[in-house]
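Please find the structures below.
In the two assemblies presented below, subunit A is common to both, partnered first by subunit B and then by subunit C.
Showing the complex of A and B:
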């Protein structure tokens, strides 16, 4: 019975369907074809078309055709230096992510260390804070001379100068490391949570000591998760334009994204070289993702039981305290200190003056939120853009997910892949593709806010698609089928049955796009123009002028918005999924 | 439903054509070519002016506010470094989507490039007689609005009675780790470094680079770094910023070195593509007029107008030995020059 109904619904135009009551004349197939057609067209325009132009641009098109741009990208010393620096950053950030992420994950997942939830929540905070804000915070904390921590160290230990300088390669690696270690942390955490206690118990019965169990049972079992997380951290670190520019530029260290920005930001813009460098960055990213996939697939043999995993908790005794100290030190420097120092700077007349009541003011919030032309416009634009981008991404993402989950249309896998693809592409690269692609179309896109909308939808579509996909999978198709069987049209069934059930999930999808779009920097910096500044641009530009206090006020405003919305996501997704829902914020 | 489809295609084609034709710069009235042709009513009807500028926002805000008060016309502006401004104008022109009505940049080579590409519109400003002949275009597509001198700024607590007084002093080994200079990643600081090299030799520039100077993104930050005492002395491109810091009672002072002072021409022009030619020309005349220029001077800038006095308490330009650049040459050799500067200082110069 069920099978037959499914066949009828699936076929749509079958005699059965046509003999249904006149209340639903909707031709299922054509409605579905329409959704498919529109989704394919939009995806091709948003994702495929810019990527195609990246390739064409690298060969010098449309001005000519040749290999000189690719040759320049690989042979000019400044490009070569950018490549080497980018690789060094990726290796460093990947290694740091293991050093930071793995002990923390073990402590919160498997030990009886106190304050595990606090540590977990602060890791999430360091992850959702846009990394360019962390970078700004570290200028205030570790600026070579005036940085608060440096002053403290000089007072305590009597150094003549310094002693720490954030404007250095280790500085860039550290600032990016304390953001991306969350990848390794979360993957290792969930892997450790899925190791069944029986394995450890067996080892212990055979006489293994607890540390031996950890090293010889747990570690090998979660090793693929650790490597996979570190690879993701490394890949993400290569794409983070914000901290690379904010810390790297004063330190005279150039990375591929900042190099790409400079080749287009100077005059006359060198599109060909920028495209060729973008392709290089894409190649690095794809290679990293392929490696990561390989590692994560190997993980399959360790998922011992599907449900009802029983995990054991390591009883640490006195060792709890050093472990806690390490964890607290880490989350202090990765989350509490940067956010705290931004808040402090935002309410200080001057950040270099000592903290005192006389030095407190709310003036910078007033300047940032009401006075400064660019800043006010940026806030309005960011709200508008993030809302519009999130609505569009959910619409397209839901259509793609629906086709993947509910239909057997040929090509839906490819569609799904196209919708996930931007997740691996750095914002700078997408912006170059979008610039090349839309600079010549006879529509008012370039130089308008529309080009930013296109960039945001394209960049963050994967988040909406994946979230919608997961949501639809949880809703039994038989509910819609029942509706259809009782006379509802396809659209009626979707609208009255599927969408109401999916609403909380789709709202999460909306927020998952809204949050990163709200603070997006790396694509915006190449695409904005006078009048279309966003909050990230206001922060970046004001920082260029050295107005760190106003910048901090804007930063705190951004973090509050992002935190409030993340809280909303946790609440909507229930306690179990609260951290899985943390969005990948990129600068 | 062939009919419906046909009408849909028609509607789409019409919409596309309309959008295409509605692009600024198409079918537009060329507008006034001299000050006397500006129509105030038309200017007000055009509603606003879009300005792309590299001038300090505090000065721009003051000029715009006075303009708005007088004519009731809004000025919307994009502010960035000269390279940001120029690359945006060029890219928008490439896209056929020009946004700006007027452009102002402290890099004459940029305006020469725009002129070469036919982006600038000849306009006989009423300010022309007040500006020296060599500071304006023979075709009247651009005019100098300001002259910005590079100075040595220093922290007064740092050097006592013997502050650095010459460019050569900045290359001294005593300056090791004490110097700060500026350039954005797009190489905005390059023209004045090159001016120094062209007149006083590359060895001087190399000696300065050998002191391991701190590089910052904007001239404003040089002054902040000096005010905080993080560095002792700065090769500061903008005399007005040093002037303001001293005026505000910060622990800084500045000198115009006797070897000569790199002077940079800031110039402005009207965009040929502007869809608001009267409002744009009205603003251009305001900007170049004695009232607009007086606001500029109040912000510490030297006006290009001979009839406008220098900033309060500043040395008159006639008393300084100004070192200038052949901008046509700079425009031609920019790539090579940036390569050379990058090889000396390292880091990103947009080359």
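Showing the complex of A and C:
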């Protein structure tokens, strides 16, 4: 070999070296430019174009410029009530998220309470369960007359009626609170997990008692995470159309998303007013996100420690039992009870009858999965739409992420920002923008299933982009460069080295889009028509018809699909599943 | 014209100048090391040479063929260079065999020949029998060999090595150092090697290129760079050095007499130093200084001082001597047990004293 090598030395200079005066521009630049161009175009059409229409619509365009829509968004009594209700909901849900999330996070992250993993898993379950399903479950649990818990309370304490009514403002806040508290829980949990024990031990060595250490070291360190989490919870609660409509509407309590829905659903649809209300909702969201960003930036000083953090564990003694009771009570009401009661309802002939063997049936599953036309169509459509949306989102997201991580192309930051933007936009708002934008396009998009696909890709693109971004960041660029140095073209190096290594991460990105797209409600409700119903629409409409048993069967089916795919994600992200998790060994 | 001809290469990253007009000529079959502290521009130079970066100014030619200029660069895959990365960049999803065969498959070499060539190169780097392993099952040293084999199998004319030894433990590093040198001799490939380890650079290289702050400080054989450093930075970077501030009292074309404290010594001017000099620094390596006045067989200086402390370091004894208030390290004498505080004489050959411009001049 070595002899051959010697012969090859110097042969690299081609015979016509002299006739080649200038080096060619690197060919991959043009390939990159192509990828960039396509990604920008698709992003602008999917995200930029609808947002532009939203803005124009709020100012009365294209009919005629005017501020009356914006004015009406505040002055019309229904609109003003919706704004106040939305703010009340956000404050309430944010406060609840601290009350629920922080003690739980401390218990699972830092104490020796038993069953910490169970509590942690059930918090995750309450977050994974689509909130409109939790809302349905609470109609069964806390409906004013027939609700299981109400009946139990009446039997136990002899109330004449009630006593609790889920169809109320506290009801909405509670149902949304037990969903969104997961934000505060997870952020606080990871912050607590990243406070190194040496920080506390230093305080201890200086004479601080445990409660002083908690108060003066731990709390200030995790306070930004708590506030940031509560803000996220508040922001998310404003956008949750499902529970707002399912619980709020029967009680005549209107929030901004349900008000927007009513504004467009009425005759004639008032587009300008809907756009103005959407802008108002966006403004609230953006303000909240800006605040939250500020808090999270202050949080950064504790994540500096990175891996290898050793945390201390509080020894609770007898105090762990009351703490455990609180934690179990919470996860019971946020996860176990809603999912359990949906399962129970799904297998009962009639949910108002007492539980007995004679009352058991699988008929509702048969109806939901095979008989009911809307339901069957919804299942098929949801699978199709979620698959297509996830594929498209991963393709676009991967292109955007690649440009951001691997290239120095100008404008890649802006592109990245545009791809992350929809994360802060409520589904209702996206739907209004997309309606306004594509109602005028002479393509058969409006009223077709394509408009749902556009909405899903636009809404969940950030999830794919972030996931692809993180995946590419974990793969050392030298792996591709080594391919280039060995003679592979840009595309060859991407296809043979980057993509195989990124495959597990990109599959996770696919699932991260598939799961929310599968159960999407808040944009779909504005965009579907007869024939393009999805699973969420089927649930929503069957609930309106009062068929709670069939709805529950469909809900359980949805939860099973979502849970199975979520399990797949954590299996894929596990320590041994991805090459990306094992970068080139150092030393 | 040299084999590799680098002229005036400059590169900026935003506001940071990574390279400020680098000129370098490399002959065929040379082992060249780009040496310098982190952030000095050596890796930028290597990556520009590889074709991953486009220079802002300057040209790179190999065998007369223009490869890089601000107007465009020939893509890395078309340069017929090999590259070994600091983290080896062994592809974790491919077996050892497939890692090494990658370049041959790209070049559409016939299957039978691929098997032969991979086997031969794996034997050459001592990895026989590990063809089926995946990188996760290899030690750092073995991964290093895979990276080498992968670059060598395509028979490059130039091999670029980016700190290839820095992730190995000390013992393995020394062994791989020897193997790299042997490999380069046997293959006759031109090696361009980047490191921040001056001992490694001296052990391996035909010539060393010392970088600092984006500029070449000195190009020379290891001995030239060590014994005749062009400036104080190079003197400092190549190893421990005594830097004695002084004033020139007499000067010839290549020598000067310098007052150091209350004493004087004769010293040679460093390369390129000319014109009337006044405030200077005299650089003296610790191992060039002997204790006592035993006259050497070359012209020498004798300085008087007081021994502060001696430390036994095994292969050397490190004496600290106070010469008119200046601390001088002496390592050219293995005697031990001299009383602290005793008066000592330091004998230094004139050729080992180098006059340099003081920092900031």
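Convention: the second predicted complex is superposed on the first by the 543 of 587 C-alpha atoms of A that agree within 3 Å, B and C clash if a C-alpha of one lies under 4 Å from a C-alpha of the other, contacts with A are read in each partner's own complex, and residues count from 1 in each chain.
The rule is short, and it goes like this: a residue touches a chain if its C-beta (ideal position, glycine included) is under 8 Å from a C-beta of that chain, and two chains touch if they have at least 3 such contacts.
Owing to the predicted nature of the structure, the values given are computational and were not obtained by experimental measurement.
In the superposed model, A:544 makes contact with subunit B only, not with subunit C.
When the two complexes are overlaid on their common chain A, residue A:371 makes contact with neither subunit B nor subunit C.
In the superposed model, A:258 lies in contact with subunit B only, and not with subunit C.
Applying the stated contact rule after C-alpha superposition, one finds that A:311 touches neither subunit B nor subunit C.
When the two complexes are overlaid on their common chain A, residue A:212 makes contact with neither subunit B nor subunit C. Against subunit A, the residues of subunit B that register as touching in their complex are 16, 19-20, 22-23, 50, 52, 57, 61, 76-80, 83-84, 86-88, 90-92, 94-100, 110, 113, 184-187, 214-218, 220-221, 224, 228-231, 342, 345-351. Subunit A contributes residues 1-2, 4-6, 8-14, 17-18, 20-28, 476, 478-479, 481-490, 492, 496-497, 500-501, 579, 582-587 to its touches with subunit C in the complex. Against subunit B, in their complex, subunit A makes its touches with residues 78, 143-146, 167, 245, 249-250, 252-254, 258-259, 261-269, 352, 373-374, 435, 438-440, 442-448, 529-531, 541, 544-546. Residues 3, 28-29, 50-52, 54, 62-69, 71-83, 85-93, 102-103, 106-107, 117, 120-121, 124, 135-136, 138, 140, 143, 147, 150-152, 154-158, 160, 167-169, 186-190 of subunit C are the ones that touch subunit A when the two sit in their complex.
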